[in-house]
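What follows is a set of structures for review.
Okay, so chain A shows up in both of these, paired with chain B first and chain C after.
Coming up: the complex of A and B.
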């Protein structure tokens, strides 16, 4: 039973997405419960998968019974299991909260809306499990297509943002495909493990190096790395409030995870000089992204845009960790990736709730709104602690290991960038905090009593998860160190 | 330099791929008309397909179906089917992208009555 989990965890949202139009045509109100049930099933499977992977090692699932180099293989190792659990968590929170926030534009369009959300989740799960470059390409495209539709769902200005996202996203997947063709032409392999055996000796070859560069450019657009991030703030700020936690929490992070898989598992680190140059470039881009993203976040006035740029900056932090070519940095980066997904989800839920209950979208609105709701304030404080990286939260442990990795590699520029990013993160979050806690006047809006239970739940879940990840940080980091130990770092 | 040109001329497919890719990128990045941008995008995608087909081609070979089982399998006689399967899938993916993008453009046109990017952005302010 355990070895079927990767397929089942993918089929739960995917099969439901295909059946949803039929269900919705019969009873329109059933769309949301059915979608939530699918995510609940997937979450249960992900927990079972996590347990199975911890108990009996990684699960290798050969689709159609064809073994690895010939057939397509899905691998659920500890990293994939943790990421799938994160996806389920973010998807669950977004669905619970989206039901209350639901934009007016969304009414009467429940069928396409929930179908797209489920397809997005299924695509993300597929991209995490797939151990085959072309399969990953297909899943990235599934995620992207659902993403374009969801970003544009509100109409008006969002259509233009969705169009720009589409042009950038389509160029990104085309570059990824081109890089993949280079890889295939040079090695005759698409399976990541299979490539891992063939590429190291080949990194001197221009075809493989060119392929790696094209794949990196493609995925860099998808993960919104700083010079290529221009599509992201518009897309996330104009997306419906109900789906921006899902998009911001997961889409860029999974592209980053795919890059780490290709960089470390296919193009292994041991191949000497060319690989060292690749890592130096990745680390440098990470430094530029983390500091640049944080500065851009400082200059924004709209809540969702600040959070979007915060995500851009934290993608840079993960890349710094991954670019140090040692296990500590990579494990820290992977752990921070999961944390960042949860924190981004929490921040966008907050932005959505504040916009929904207090009609506050910009910093000035927040200052005027006099929010006195303990759930909103508490959630914001805890998630901010995580973003800055203070001890009880998971953000601290991730950043700590990234920092240790940078010190281990003797890369002091990276260390300085991490510290500077932390300070800048504190600065732009303090601008919001200062306005949230500004004194004077009676409370407007309503107290905690009239806050619907679903909203309270979705406000409380991300902070609890951030602290939970911090408390369980040690075993998770150990697991990540363990699953990266065979890479020859 | 002469050598470079000579090698390039021996591979007209690759030259066509590079030209199409660059022309497509140029159109996508410089035109302000949304439909023209999409045409550029489509050129980029098609050029990659051309490259994929070029990589998979083998002269004098046929479809990978064994004609008889008596003699040994000649690897020069059969084409590797995988690149062609990848091509088909990639084309399907591109058609899906094109469909979504045309849907978006028609929604934009109905909303703003224009296809010019600058004009639309002015109106969204």
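Coming up: the complex of A and C.
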């Protein structure tokens, strides 16, 4: 039974998304419960998938019964299972919280809104499972199209951001497709496992190197790597508050994961090859992104923008880990990826709640709002600890392994960048924290009112997950080390 | 934009002959797509074209446009058919879209594949046709940019 899980976990949101117009036409109010039920089913399947992968190894799923080089293959290894579980968590939190925040504004358009959210989730799941470059392209495009629509859902200024996102996203997929074509022309294969046997011998070929560069540029736009990040802050800041946790938590991370898959599983790293230069470049770009993103976050005044730039900076950290070409760094980077998804989700949930309950969108508003709600303050403190990377949280273990990887590679510049990013993260989060706890005295009227249960749940879930990931960090890192052990690093 | 029927008896007469013919040919393409050129996508485009032609010639009052407009809310029916066939294969114990595991009693593996592919192609055809018609509707509607502002 567990070997059907990849298909089922994808079909749960996808099948619901395509049935949703029919359901919504019948009863408009059913859209949200049905969408949440689909995510709940997917979450249950993801847990079953985790268990199945741990118990009986990776699942290779051939769609239609056609075996890999000819047919379409999906692979659910430990990395995929962990990522799918992360996707389900972030999606669940966003839906629970989005129901309170955005329900009134979206009531008239519940059908397209929830259809797009489910398509986004299905596309992310597909991109994680897909084991060949073309299917990854298709699913990235599904994610992107749903993302454009969701970013622009509020209308007004958001349309402009959505359009910029669309132009950049279209450029990214074009680059990716171009690189894929070069790969296919040079090797005649698209399946990642198949490419893994053919590409390493062809690394001198200009077609393969060109393909590698095009794919990297395309995915770098999607993951908002620093020189190419300009679309992201606008898109996330102007997106409806209810969907920005979903977008910020997952979209860039999955693009990064796809790149890691291609780089490590298809273009296996062998020292002495031209591929070694790729890693030096990637590590350098990661350093630039992590430090640059953190500096940009320092200079922002709006909460959602600070968090968006924080995401840009932490993508850089993952790239530093991945760019050390050793297992420790790669496993740390993958672990940090899952952590970062959860933390970004938590931060944007916080920004949404603060904007919804206290009408505070900028730092000054936060200072004036006198928020005395223990749920908001507690969640912010714990998620901040995770972002900075203090021991009980998952952020610490991710960063620790990235640091160990950099030390193992003897890359002291990267070590310095990680430390500097940590300090800068602390600095920009302290600016918010200082304003949250400033101005003692009586709380404002709205602050003393109790939070709705759904909001309390969605505020509490990310901090719990951040600490949970820290406590379970050891087995997860072991699993990630285990599934990267066959790469010849 | 598209309001009344086209003001020419020749166009209307030829349209009345051509539209059913195109639809008939679309069905031929759909059912024989496995043996010759064609298949669900082409058939869907042809059905969509015939509906659009009907719309342009006979206007909104014609039978086909009303049917098409009503069908638009069932945008995903084609995909539902596709997913349903795939899901049947899952229930039969095979992989998604492995037609030979479709639990259809009374027929052997090859026929099951035949039925499975045909059904998924019907799904594809429905979706493509609806998509083609919906593009025409959304281009011809005046208030199609119903973007609410804050």
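By our rule, the second predicted complex is superposed on the first by the 479 of 489 C-alpha atoms of A that agree within 3 Å, B and C clash if a C-alpha of one lies under 4 Å from a C-alpha of the other, contacts with A are read in each partner's own complex, and residues count from 1 in each chain.
As a working rule, a residue touches a chain if its C-beta (ideal position, glycine included) is under 8 Å from a C-beta of that chain, and two chains touch if they have at least 3 such contacts.
Computed from a predicted structure; not experimentally measured.
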| item | value |
| --- | --- |
| When chain B and chain C are modelled together on chain A, clash or fit | fit |
| Which superposed partner A:159 touches (first chain B, second chain C, both, neither) | both |
| Touching partner for A:7 - first (chain B), second (chain C), both, neither | second |
| Touching partner for A:18 - first (chain B), second (chain C), both, neither | second |
| Which superposed partner A:454 touches (first chain B, second chain C, both, neither) | neither |
| Contacts of A:407 with chain B and chain C, given as first, second, both or neither | neither |
| First (chain B), second (chain C), both or neither touched by A:377 | neither |
| Which superposed partner A:467 touches (first chain B, second chain C, both, neither) | neither |
| First (chain B), second (chain C), both or neither touched by A:149 | first |
| Partner chain in contact with A:184 - chain B first, chain C second, else both or neither | first |
| After superposition on chain A, the shortest CA separation from chain B to chain C (Å) | 5 |
| Intersection of the chain A residues that touch chain B with those that touch chain C | 155-156, 159 |
| Touching residues (chain side chain C, partner chain A) in the complex | 73-77, 79-80, 83, 86-87, 90, 94-101, 147-150 |
| Contact set on chain A toward chain C in their complex | 4, 7-8, 11, 14-15, 17-22, 25, 61-65, 108, 154-156, 159 |
| For the chain B and chain A complex, residues of the former touching the latter | 25, 28, 34, 37-38, 41, 44-45, 48, 51-52, 55, 82-83, 86, 89-90, 93, 96-97, 100-101, 104-105, 107-108, 111, 120-121, 124 |
| Chain A - residues contacting chain B, complex | 134, 137-138, 141, 144-145, 148-149, 152, 155-157, 159-160, 162-163, 166-167, 170-171, 173-174, 177-178, 181, 184-185, 190 |
